[in-house]
Amino acid sequence: MLDRSALLRAFRCARQCTVDLCAPLEIEDYVVQAMPEASPAKWHLGHTTWFFERAILVDRPGYRVCHADYSFLFNSYYHAFGARWNRNRRGVLSRPTVSEVLAYRRHVDDRIVALLTTADEPTIDEIAMSIELGVHHEQQHQELLVTDIKAALGQPPLYTPYRTRDDSGKEPVVLKGTGAMTSFAGGRYQIGFAADGFAYDNEQPAHDVWLQPFALCDDLVTSGEFLEFVEDGGYERPELWLADGWETVQVQGWTSPHYWVQSAGRWQVYSMFGVHDMAPADPLTHVSYFEADAFARWKQMRLPTEAEWEVAAQKLGHDELRDGSFLESRQFHPAAPRGEGSPLRQLFGEVWQWTASSYMPYPGFQPLGGRFKEYNGKFMNGQYVLRGGSCATPRSHMRMTYRNFFQPDKRWQFTGIRLAA
Amino acid sequence: MLDRSALLRAFRCARQCTVDLCAPLEIEDYVVQAMPEASPAKWHLGHTTWFFERAILVDRPGYRVCHADYSFLFNSYYHAFGARWNRNRRGVLSRPTVSEVLAYRRHVDDRIVALLTTADEPTIDEIAMSIELGVHHEQQHQELLVTDIKAALGQPPLYTPYRTRDDSGKEPVVLKGTGAMTSFAGGRYQIGFAADGFAYDNEQPAHDVWLQPFALCDDLVTSGEFLEFVEDGGYERPELWLADGWETVQVQGWTSPHYWVQSAGRWQVYSMFGVHDMAPADPLTHVSYFEADAFARWKQMRLPTEAEWEVAAQKLGHDELRDGSFLESRQFHPAAPRGEGSPLRQLFGEVWQWTASSYMPYPGFQPLGGRFKEYNGKFMNGQYVLRGGSCATPRSHMRMTYRNFFQPDKRWQFTGIRLAA
Amino acid sequence: MLDRSALLRAFRCARQCTVDLCAPLEIEDYVVQAMPEASPAKWHLGHTTWFFERAILVDRPGYRVCHADYSFLFNSYYHAFGARWNRNRRGVLSRPTVSEVLAYRRHVDDRIVALLTTADEPTIDEIAMSIELGVHHEQQHQELLVTDIKAALGQPPLYTPYRTRDDSGKEPVVLKGTGAMTSFAGGRYQIGFAADGFAYDNEQPAHDVWLQPFALCDDLVTSGEFLEFVEDGGYERPELWLADGWETVQVQGWTSPHYWVQSAGRWQVYSMFGVHDMAPADPLTHVSYFEADAFARWKQMRLPTEAEWEVAAQKLGHDELRDGSFLESRQFHPAAPRGEGSPLRQLFGEVWQWTASSYMPYPGFQPLGGRFKEYNGKFMNGQYVLRGGSCATPRSHMRMTYRNFFQPDKRWQFTGIRLAA
Amino acid sequence: MLDRSALLRAFRCARQCTVDLCAPLEIEDYVVQAMPEASPAKWHLGHTTWFFERAILVDRPGYRVCHADYSFLFNSYYHAFGARWNRNRRGVLSRPTVSEVLAYRRHVDDRIVALLTTADEPTIDEIAMSIELGVHHEQQHQELLVTDIKAALGQPPLYTPYRTRDDSGKEPVVLKGTGAMTSFAGGRYQIGFAADGFAYDNEQPAHDVWLQPFALCDDLVTSGEFLEFVEDGGYERPELWLADGWETVQVQGWTSPHYWVQSAGRWQVYSMFGVHDMAPADPLTHVSYFEADAFARWKQMRLPTEAEWEVAAQKLGHDELRDGSFLESRQFHPAAPRGEGSPLRQLFGEVWQWTASSYMPYPGFQPLGGRFKEYNGKFMNGQYVLRGGSCATPRSHMRMTYRNFFQPDKRWQFTGIRLAA
């Protein structure tokens, strides 16, 4: 458990980072909801604040809520905390304004900081877990904030850049993928979180699994490799797709990954820097599970399970967590590997890697106690686990045992593919 | 046809008024689209500008469009002008920003003013009709701007006021409705526009109709009268409703007019001043055709036809057009009659009056020539005519022959009821 | 008012005719509901029976309903008679079986016949109106039965014939359309029902209207003429369509009238005899109001109003009512005119003629008294009036003043076009 | 692999059984589709026939298809076999008639029997696998036929019985559930099919898994136990449900298991014998995964994984497969256990047991070769595995390794619950 000063540091850092991510935005950009599963930037700013208010302040003697309606407006999905605004309609609200939301943040931040600064030790002990949970919650929303901003700005025909690229002038040395794979023996392994420090309930308990021998590709699938799939008619061949995937392709009219733009016969992509030519060596991103699965079938390979991924990471992934592109890079776009590195390159950072594992409880799973027991467990249906973090994930948020999860048709996150066999 | 200076005056006045209406807004308020049939304030500002650009500037030699994508983004429904952004998704666009849209307005305004100032007379003759159409188009959007702002701000739980009421301190002398009716003989009448000056294509040609004897209520239906209907179970009795109306009541869950708020057993209404107690003597507003029709049936009366309404207005309505509350009052809320007035009070202003007439072409109707032939004619299906203008209509936009039209389930406009027998 | 023996004759005739129309059906054909607005044949058989039971028998002393659930299952839309089965789901019920429904018919018929045979005169007077209404109601359902059977059988790929054509061997002498029009003076006319005998509430009261001079085409629009519209890109040109019409074309994917089949570059049509080559001289049928309106615009003409149509019929239509193809022809397909005839050919029979008149109450309209006041009035929204009857209308059901009505996107009835100018 | 005579016997038996199941039906009952996921009995009869025609006959020299359109009409979801009729609209087709479909069955059966009787051994070898697959496919559809008939007949208000119960007069000796559980050690186990004989691709390959220690309830959850959940407000407490489950409860308006009928304060159930009082000791059936999961949470227990279930069945389930109620019982309703039996009662038969395992490929999964590779693999998304078979499953169809699968909101199958801890 973090001590008082570590809590203060983590809290301030996380809170500031969220606001900083919004710096390039115009006021208008805080308001819109590009699609039902995205949220306005303004809402993320308010919701993460509400989380701390709700978890820590509301029941403290003498605390007055900032605004009587904010709990209704900024509660996401917690039935235990009462009714809430319809999530599909977050983008039809202009109020509270951005400056009101920022004032709400300051209102709550001031009181949390005062509490962390002045409370006695028993109180610190009592709230430490909630503060830490709130920080991790805030970090999760930082990633969503980035991808939801991208969804808002990245609409045709304007494809507004979030910021300009600062080209250093020197061409990066791109390491070409070798197509090589790294093999692992079958047998009994342990996965799940059993270390000190923070982890979500869904990563626990650590437990044994039995794996057949397996191999993982050393490199992430690149845009160039996926382009071959596109050009081979991948989006027109039902035999390559799961039934639900094929229906999604038809209904959504997909013909390429999200944010790919075909212009005058040339493939371009929209990134946070605007529209530019596709770099074939860049890791592929913005594909759904359905596309990842279809691509794997086309390659006559498969996606790894989350256990396989975690076992590989236990053996070979430690350095990656230090070297990968995370949120801190402020590139918000996956980069080709820049050095030789370990046999398994880019296990962490760049893009979330879809696994073939449904998001289900680990054996012996216990949901978070206290008020936030709705946090993870109630979503354990209809989603797939993703591993490794992305260029929009805060580095300190990532862990080897971290389980992200999305429905198989979602692709506005930085999601990509590592193949297995 | 207006001359050069009148055109300049009308153009400048209309353009300024639209911007003035937005003065109380926060930037965020320009962005949202509260429901599919409403548009963001930002979009209204851009669309009315595009209309002038498209009608007058685009084909003039040497004109450079302000932005290549604005025609796509600000075209509303004109197939002749190419593809356009999906109207249901106007609220998911944060760009162009408000200041970019205002710059677009200045770009176009400057060139129109220069043209009106410097062009030779043949050119003025050539563009006069388009300028005048553009001004009337702008005025229509001023009303929509008001009602769309109301829709955006008037959402629970915040019910944000658009502005504060400037209470003059003195209680208005409210004239109670007498329940009296004014009768008109049957026979041959002429309706439709046949005067000098501007009118829309859909008001023409003037033509004869044959009416049976009829009578109109001297007063608009008030909120208090409609409350009796509500309390008599009006929203729960299918026998009072058209079949489509009853289905709408069920699907939408209507139990009162729009913007009525029941709080602690007391009826309140949301107006542009915020939420306040319902004033029973105020004209009822924000009811759909379905509610107007059901109320009439409950009263064992009926709605007037548009011909009846226009004939009555020909005889008794002239002063009303001077005295009613229009946009210029800046109250944006219908007021009880303040004086004895003519037998038919409040024929103009306050609230649009639903008629029992489907919106269909007059005999011999010719759609507007030139580029804007899609303006009115293509909507002549599934809508009802409303007459008289409202507290959100610019006074100079209104005419005795003016035909407004909406689908029978719409009620976010200032729509009310005058009964007939 | 019909006397006892006329009532008996009309009742027996109508009841038998409905059953006879089902003679060619397989049991399976009675069950299906091809689209939400159609009903299973089985349901029509039950509903028309329920109508007599409900209107006449239920409240007679000693009457026992045939089955406790039939009122729930066979009520169509009468709120006054309690809850009812969802009309969109009439085709998911296999029970009651066809033979049970026919037993229900016999149960009710026997009692009605006994009543008509043995009741005293005051009773006959009391029920005469309901019997007559029930007979006309039954006739309306005969037409729907035919068109709903056509919808059920006429689905690709099987296009099952309802019956075989009995070709007489001799080629009919087809009168080519001359393109001529007949003109009528403007002025004051009376329309609406004012004669003796039966008419629906919606045809009354007779009242005066004022018409501008007008002209009607002597002939119905033929399939061949409409083919020119199709081949001229009529379904691809938004400027020809009402806005709602164009949206319907897009959403439904219409490229031709309903039941037109393009096969190996040749146009065929499905009729109750199966699929056969389109006969260009046959009156066009199975078009919606939207298509009728678009075709008229393409021709630079228009659809007549119902008043124009009725005035023309008053002057020239009497013989037509005798000569047109009605249900009794058992052809269920409109035929080209076979003789010189009056200047206006085929005013009655063949195909319902869309008018440009919304279905609204006549001035002074009073809904049917008694239990069936929901019969007509509550549908007076969002529909257009059609005139003249069709090849599926019982001849004795038709009147000069008869007002049929459908939504503008419906086209599974025998609906066609006569143009006006 | 089965030899010639075993194939003949299995084929004849399966084909006859399907037809026998329809014996109690009226013609009308073959036609309807009670909900999109159910199919008309007529369609099952045709589809299972098409399967044999398509798998075996179509490419044999000299074979003429029975009807050119049947492949279009009776293909379910195989893209490889071309376009097909929309599955949501199977119930709008009255043709082919039942007798035509039965003739189709005879047409195909005659040729298959002739082939099996007269072909040389190499041909038998070549088709044996397809025959066997077709037989198992037919058996799967027998279960669906039963449940789809139940869905068609079991609609309110008629709740038509499929057949009458033959009460033997003697009250069955019902063994009350003891609430006891049987424990299993953790460790390495093998699951999946590795025996001789037929199994689907999705049961293979056999592979090792590592299990934590676990325990299974000896008895299935009974209706009486689930009633306690209902009466404890189970359907009104969001904290008991998965997020998707809670949304389903709201949207569907669920307040009890499917086919439960509350009448005058008494709980009844609809079974194939009609409506009768709920028997509290009967195994619960017709619950979705969502309900099973919520019930388990309410009990502070959980659902077993499919591996746990299979390991338990390996140890204790053999006799059950002989004693459980299967299709052959012709009761089509789960029965309370009738004897002491093994520690784990009713592992097989009665009701399918929802597991907590997503339906995913086993490690090393290879889809069926040849034409039917779409059979199982493409559905491996968004579904849960069920185990054990039900009172509507043919006994010979069941295996210890058998994996059935449905979406978590489906409950028209005979689905129930066995809890684990």
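Letters A, B, C and D name the chains as they come in the text, with residue numbers starting at 1 for each one.
Note that in this section contacts are C-beta pairs under 8 Å (C-beta built on N, C-alpha and C of every residue); 3 or more make two chains touch, one makes a residue touch a chain.
Keep in mind that this is a model prediction, so the values were computed, not measured.
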item: Smallest count of steps, each to a touching chain, taking chain A to chain C; value: 2
item: For chain C and chain D, chains touching each; value: none
item: Chain of greatest Cα-centre distance to chain B; value: D
item: Whole-Å separation of chain centres (CA-atom averages), chain A against chain B; value: 46
item: Whole-Å gap between the CA centroids of chain A and chain D; value: 39
item: Whole-Å separation of chain centres (CA-atom averages), chain B against chain D; value: 60
item: Interface hub residues of chain A, defined as touching at least two other chains; value: none
item: Chain contact topology (line, ring, star, complete or other); value: ring
item: Contact set on chain A toward chain D in their complex; value: 77, 79-80, 188, 207-212, 238-239, 241-246, 290, 356-358, 360-361, 363-364, 373-374, 378-382, 408
item: Residues of chain D touching chain C in the complex; value: 26-35, 42, 69, 72-73, 91-98, 152-153, 155, 157-158, 160
